[in-house]
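So, here's a batch of structures to check.
Okay, so chain A shows up in both of these, paired with chain B first and chain C after.
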Partner chain A sequence: MEIRIDDRKKVAFPRFNHYDYAIRYIVEQGLEAGFVLLPPATKETADLGSRYSPDYACAPFKHTLGSLIEAVEAGADILVETGGLCRLDYYGELQKEILRELGYRCEFINLAEYMGGKKKEWLRLAKHINPKLNPAKFVTGVYEGVKMAEYIDEIEAAYFKNAGFEAEEGSYKKVYRQFLLEMQMAENKNEIRAAYQKARQAMSGLAQRIPENPVRIGVVGEYYTVMDEHSNQYLQEKLIRLGASVHRFMNVTNCHFRAKASTMLPKISEYARYSMGPTTTWTINSALDYAKRGFDGIIHVKSFGCTPELDAIPVLQNISRDYHIPVLYLSYDMQDSDTGLDTRLEAFYDMLERKKKVLQ
Partner chain B sequence: MKRKAYLGIDIGSISTKGVIIDENNKILAECYLWTEGNPTEATKKVLLSLKEQFDPERYRIVSSGTTGSARKLVGSMIGAKMVKNEITAHAVGTTTLHPDVRTILEIGGQDSKIICVENGVAVDYAMNTLCAAGTGAFLSSQAHRLGVEVEEFGEIALRAAKAAPIAARCTVFAESDLVHKLQVGCPKEEIIAGLCKAVAGNYLNNVAKGKKIVPPVVFQGGVSKNAGVVRMFEEELGMPVLVDENGHLMGAFGIAVLAKESQKEGEFSFDVADMEFRTREVTCGKCANHCEIICVYRDGELIDSWGNRCDNGAIKSR
Partner chain C sequence: MERIQKIGIPRGLMAYRSGMLWKEFFEGLGYECIFSPESDRRILEKGTGRAIDETCLPFKMYLGHVMELIGKCDTIFVPRTGGYRTTEKMCTRYEALPDLVRNIFRDEQVNILTVSYDWYNRTTEEKVYLELGLSLGKTKKQVKKAYSSAKKHQETRQKNREKAQLKLLESEKTRVLLAGHPYVLHDAYMGGELVRILENLGAVALYTDYVNRENALKRSYEFSRIMPWIINREMTGATMLMKKKVDGIVIVSAYPCGPDSLVNDMLVRRLKDVPVLNLTLDAQSGTAGLETRMESFIDIIRYQKAGGYGNQN
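Up next is the complex of A and B:
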């Protein structure tokens, strides 16, 4: 009798909104390795992260560290942390040390070391994770995984744009959740595309009841906090429940595959002549775009102490003054309570709605 | 037929305010007292006081609203038709009484905010973010240290020849500044004037940062009763700062106006003041989020609950 043991290594990545599904697809279908898909983050994750983090590290550091610890506990063999254009580039190194000091003996891959490296290096890394790697399958897997991320971004954007106006409560959420479930289960590109088309069709068929004074809000800000729902305390979900249409330009598709800093800089030259670091160009560009398109308000999201986004604030103040558009500034640390956020968002929404009613 | 009246209650961290207005926004009854950490008891006292001033022969209350940090709790307690945040309530209240106002400065017990107004409607606002530096709580803790009543602060500050420089960005640093000034023999009134100046300066540098302050300016919230801070604001801004005699009631007034505007009417009875309200905090154990769910009981019967992040934690009344 043949005993089949799954000897594939199990890879884990820190949680990052719904992109976990796309990363899982790349790992399982492309790399043909195992993947540890973590359940949604809880307060426990945040507590774990804060307990072992330096106090002044930004909130994304704490959230990702919490995720990584939970992943090792869940049986991951290889932890992967990404690099970036700000302090994030150093975070992998630091988290590696912290996990070692905590006594975890799993392998740690810091992608910061590979950023800007040659393709050969990446392939060597992939072969290290899975020695039986099929390079052609790997490349296809990456391509299809990226496609999945783009579909997720598109459906997510449609959800937040329209769900605030839904005629039947929960109808959009139902389609959205079903779509995410199918993204978790998809094993090839046909399944991905079929689920995407189904969700698009279902969403466009839903009835809407557009209020007398519809409020459109643009959300801009720092990469991780603005995209990761758990980090921003479900900001966009709260806004659609108040009845607003919520737009967010910043997502993986627009940040990595579509909009380029070099094409955005000329558009914002009136406000910023050079890039101020990681995602500030995206922040300013989308804020200016929302202002020009006549949005009712902008919400700026960052983690507490995020220096690049802090630099973007004076520029946003200028845009706010020139285009007469209010901006709400939110700074996230590891809060427990939603009360403060709820009060601010409700007040912001009420203000925009009343303003529209009186000034139209 | 009896004329319609509207009730508004503003339950803040430090004080609880209540008003009853008629259809023309005229205040029929008002009450202001300390919350003392017990919003349900404070609300009962406010209701009893309002009941005494209220003429049930001529008016009947057709709608009610609550605002302030305990708005949800008290809202379900009195069955309010309108439960709204204090920023909206203050903006609506002030623009109703002063339609020409352009800037509203507000410093309360634990928060401070600025509201910019154009054509009688709020167009921008900002609120203090992380701590309570430079709010009423800061002033009363410093008053305690100096052995003066916080109510006398304004009067004393106005007597001072000059204001001692004190940093108000952080309460802890302000306190060490203050101790230092006392040790070098600085007169008390100059220190108090310095505190008032620090509150105004801190507000303009933090909360009002990046906001254009255009006259007419209305200053309200508990700290607006402090004449010293008012004068410091006038000096810093170089424009008159108006303090409404009903400034402390503005939140309650605003929410009453909002309840009137909502046109949602429902029976309200002063009997709730005699009922027993109890709240219980339950920690949901269904996932690692451990949401704290607050349950409100009226005479032992569950009437409302909130605090759960997902449906798994929903507690429903039978």
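Up next is the complex of A and C:
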């Protein structure tokens, strides 16, 4: 029997909803390094994160710190944190310091240091993780991983749009979960594509029962909290269980590969002349779009104290007044229970449904 | 642009850093320029009434100042200051400022005078003021003259402050460095209280923004290479420069400041050899809590100076 020793370095990212699978693909197939795929986050993750975070750091900081600690415990050699245009840019540096003070001695790569840098730097970083890196394979891996993220976004959007109206309970969920499972295991582009096509076909074949007053809800808000299901306490899942069709423009595909802030600004010029913050333009643009398309309600999601999204609220209030569309504002910190959220969502949904009935 | 004669500047946020520069610049162009009155409880309450409850204390105060100016001038100056470099940005609230004011006071239809720059524009301060002056219909020559004279005055003012602060360092009294954003430290209602308490306790207050800005900025790159905010850079840099020269440091932050929430945590981790008090100001009506904390902090400093905790170093 041949003994194979895996000497690849194990890389870990903080959890980020289902994009973990795409990141895993890029790391394993592109970088040809090991990847620590964390199990779904639990209460323990959140507790770990908030225990070692500054008091009023935003919730994503606490969630990602919890993920990183769990990743080191799971045997990661290299932790990676990303950067961004708000406080996110400083996450890495502080998390690195916190982990050091806790006594963890693994390598920490802060992508904020590479943002806006040259391609050469990125390639050097990739070579550092895997000295035997094959650049051509790396580029292909990144490309296919991005494609996977796009497929995940598309299937996810279809799921939340339709599952609220399903004729047979759980039929959409079954397809969706199978698809995610296959994304988790895919090792080449054919597998990714086949799983995607299968899921799309299966979903379009499912029977629907559209209610008399179908409620359409648009979800807008802060990048991480609005996308990460664990952070927003499965908000969209809760909404489809109530029977709504849920739409969310903000996802990785739209945010990074399709829509551009500069093309959105003219559309919202009535409300904002300048870019008001990293994702604020997205939030305002999609809220305005939902209002104009006659959605029944909008839910605004953010973490507590998120400056850019807080600044979107006065604009959303004006949109709500101008288009007579109700907006529910949710501000997340680290909650222990989601009963409060359930109550608010139920009341919001009932209100929207009733409003529709009366206005008919 | 309609006839503007009187320009109002809200006494809040960056007015504590560049307010006089703005005033002299506008006056140099022949406008009358007024500030809103000093901050007090009433102004804060007015602003709080219009703000989203989670926003930071200085912003609520700022809205109050904007409301003070409504109806008293032809236009209110609300610039959009994104920052000049990637590692020297402002908090995102400054990017949103004019649009925020416009949306919050939509019913009042306030007239806003603004100029916008961002770290990705690769512009300079002079170009920004030139743009502002040209948008008011002045000639290039007029604008350049007004800017350079206002800038010169600002630099002398800053130099004098730095000199005065250096003199204070020789004081016999307990020297406490207040580290924070200028619009918190110098606001009559927020930092003003702190200074009053310190003086009553027989201590002198020094400020991080009265330290030479260039030196502080340079020093801050040793503290962090990628920290994105200029105000936090000046604050941490100045703290690092001053930590050996003062008896204690009070890190002052206003609840819930985004950049401060992370940077101050880092700062406290790095300041191990000097007494530090991490103070977060909130919209409280009484100052008794503040007084107790400051008093015990000063007591600790004096006790340690007298050798109470033994020689640590």
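The rule we apply is simple: the second predicted complex is superposed on the first by the 357 of 360 C-alpha atoms of A that agree within 3 Å, B and C clash if a C-alpha of one lies under 4 Å from a C-alpha of the other, contacts with A are read in each partner's own complex, and residues count from 1 in each chain.
FYI, contacts are C-beta pairs under 8 Å (C-beta built on N, C-alpha and C of every residue); 3 or more make two chains touch, one makes a residue touch a chain.
As the structure is a prediction and not an experimental result, all values here were calculated from the model.
Annotation for the three-chain superposition on chain A: chain B and chain C fit side by side.
Counting the residues of chain A that each partner touches, chain B and chain C differ, and the larger count belongs to C. After overlaying the two complexes on the shared chain, residue contacts for A:I217 are found with neither chain B nor chain C.
By the document's definition of touching, of the two partners only chain B reaches A:K355; chain C does not. Once chain A of one complex is fitted onto chain A of the other, the partner contacts of A:M148 are absent, as it touches neither chain B nor chain C.
The superposed model places chain B and chain C at 80 degrees from each other around the C-alpha centre of chain A, with the value given to the nearest 10.
When both complexes are overlaid on chain A, the residue A:A244 reaches neither chain B nor chain C.
Contact with both chain B and chain C is seen for A:S331 once the two complexes are overlaid on the shared chain. Look at A:A347: by the touch rule set out above, it reaches chain B but stays clear of chain C.
Superposition on the common chain places the nearest Cα atoms of chain B and chain C 5 Å from each other. Overlaid on A, the two complexes show chain B and chain C touching the same residues of chain A, namely 314, 317, 331. Within the complex formed with chain B, the chain A residues making contact are 42-45, 314, 317, 320-321, 324, 326, 329, 331, 339, 342-344, 346-348, 350-351, 354-355, 357-359. Of all the residues in chain A, the ones that touch chain C in their complex are 54-58, 61, 83, 85-87, 89-94, 97, 101, 110, 112-113, 116, 271-278, 280, 304-308, 310-311, 313-315, 317-318, 331.
For chain C in complex with chain A, the residues that touch the partner chain are 52, 54-56, 80, 86, 91-93, 95-96, 98-100, 102-104, 106, 116, 118, 224-228, 255-256, 258-259, 261-266, 269. Interface residues of chain B facing chain A in the complex, by the touch rule stated above, are 69, 84-88, 91-92, 118-127, 129-130, 210, 212, 287-290.
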